[in-house]
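Let me begin by presenting the structure, written as structure tokens, before commenting on it.
The chains carry the letters A, B and C, assigned in the order they are written, with residues numbered from 1 in each.
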Amino acid sequence: MSIMEYNGGSVIAMVGKDCVAIASDLRLGNQALGISSNFQKIFPVTDRIYLGLPGLATDVTTLRELFRYRVNMYTIKEERDIEPETFAHLVSSTLYERRFGPFFIEPVMAGMSKTPSGGYKPFIAATDLIGCLNFAKDFVVAGTASSKLYGVAEGLWEPDLEPEDLFETISQTMLNAVDRDAYSGWGVIVHVMTKDKVITRTLKGRMD
Amino acid sequence: MPDMVSLDRAGPQQRQFNPYSDNGGTILAIAGADFSVIAGDTRQSEGYNIQTRYAPKVFKLTDKAVLAVNGFAADGNMFVKRVRQRLEWYRHAHAKDMPLRAIARLIQTMLYGRRFFPYYVYNILGGIEEDGSGAVYSFDPVGSYERESCRAAGAAQSLVQPFLDNQIYFKNQTAAPGTTHPKHLPLQEVLSLVIDSFTSATERHIEASVGDGLEMYVVLARGSQLQGLENVPNVQEMTTTSDGERIFIIRRELKKD
Amino acid sequence: METSFAITGKGYVILAADTTSARSIVKMKSDEDKIKTLSPHLLMAYSGEPGDTIQFAEYIERNIRLYQIRNNYPLRPPAAASWIRRSLADSLRSRKPYAVNLLLGGYDTTTYTPHLYWVDYLGTMTELPFGAHGYGSYFALSLLDRYHDPEATLEEGLATLRRCIDEVSKRLVVSPGKYKVKVVDKDGIREVEL
């Protein structure tokens, strides 16, 4: 019995042309027994950052609360929203604080970061459970279906997808990967972020 | 007496020999309406050590049957050798090649015959049935088998199979109103999907167990057209008879890191 | 073995917990109340390691009461659930964690909505239309997948609960005999005889 697979669940984030997308399944289980089909693992951090927390469910809630606290403190002190790059390092250092008794979570982030010229550029990142950062340029995955997500994403993803095409790509990747994973599934939620809005959709998929 | 072995102090000792090993690699087969594609990478590894960059995992059995074998290479090679021997005996007894579905059943009995000391291999058999349709049979190490239209096995099965579910079976895709998804894909599309699957697996597989070379066997039903096969680079015909099914092999390079 | 269920319906939550208190193979007691009233509109069914359950439940009970005394208002169900979950999550990484599983049923008097939270000893929490703990959950959950109706009246809800209890009695080898059933709705908390 692996702690990382105790509750199940998976998250993926992808980069597109001036947009990013992040998706997760909605299952909460105790090993093979399904408990909930509406367990959110992705949380908005600011208007332009979404954070996915697959792994041990108790730590999903604990970390969500911890990041909300730390981001609020940052916002009050700095009088501005935290940037995705900065937030990624906050995630990393928060996890590394527990280097020898870790939170059993592998976070995935997606956001739009400000450029010096005043525009926005897509940003994704992921870390392992002790905060080792991975700034990928294409896509990042985590959770019990990670190997399946890698396989499908590597086959479907291409550079510079428009928001609607990115939505289709990430949705198909998620749906087909979780259908081959016993610990993930029971519904999928997708967020597609552009510079001025976020579109959230809950997908109709297999519920077995 | 210092140089004498004291027997009373030595506790019971256990020795173990592990007769199995995992040699990595991935195999894949897809059936078309009148053809079958059976593919495998050519790397043979043990852990992070690459033993060779060219060790075929896909073998021509007859003019209409190709067997891909993945798992423990020594068992795989021995198994193919024995299947071929049984097919040769069949040829001598009946003056014809064994039909594909019979080969599939033969493989089942051969695998199950070793139920309590199994061949540590996953088999995928591809070829043409007696009715001229493309077929794929997949097996577990002890002989459970099933006819399917596509299957991946081996180190990158978890990466490739969900991709195939999506692209071959059109899982999670809705056909445009008034249309249906095709039951079988044309050869050119199947070959592109096989190449994509292997390049993806080579790119992302965590251990260094997929890569180096790719061998794709194409079996064409009796009397069917080449379907663009003549224009594929590096294609080589391996057919031995003149009026039956035709077999081709396509070789590609994969990343070597 | 210990079993507890909870069902939400139209404006109410029903909680049911078995009443046996066991040590090893011996039934020590058969009328134990394992559902605590935390506030006028909040119930908590608890199960798990014998000593831990009562110790933890009373700690929660007293602190929820203290909040109410200090602030003149009780915590609403989502807030109470969050605090209780955090207590378990913190305990998990302490020297001696509490091994207690909970079902929290409450009625939010400000939004007029029923809430049910499923919490386990790790601090895993999720809001559900119905939930269960213990071996009975393996029977009850699939049954509730089929028969639960979020718009059901209290009578229908109790009938559904009855089916769960009957199924567990029929199929579980170590099934508990009696259950205590409590309901929370706009009028507060009351015990129900099935």
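Quick note on the criterion: a contact is a pair of C-beta atoms (placed from the backbone, for glycine too) under 8 Å apart; a residue touches a chain by one contact, two chains touch by 3 or more.
Computed from a prediction, not measured in an experiment: that's the story for all the values here.
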| item | value |
| --- | --- |
| Graph class of chain-chain contacts, one of line, ring, star, complete, other | line |
| Centre-most chain, if every chain is reduced to its averaged C-alpha atoms | A |
| Centroid distance [mean C-alpha coordinates] between chain B and chain A, Å | 36 |
| Chain B and chain C: spacing of chain centres that average the CA atoms, whole Å | 53 |
| Length of the line joining the C-alpha centres of chain A and chain C, rounded to whole Å | 32 |
| Contact set on chain B toward chain A in their complex | 156, 158-163, 165-167, 171-173, 196-197, 200-201, 203-204, 206 |
| For the chain C and chain A complex, residues of the former touching the latter | 85-86, 88-89, 92-93, 118, 120, 122-128, 131, 137-138, 141 |
| Chain A to chain C touching residues, read off their complex | 7, 28, 30, 33-36, 38-39, 56-58, 61-62, 65, 101 |
| Touch list for chain A against partner chain B, complex | 147-148, 150-152, 154-156, 172, 175-177, 179-180, 205 |
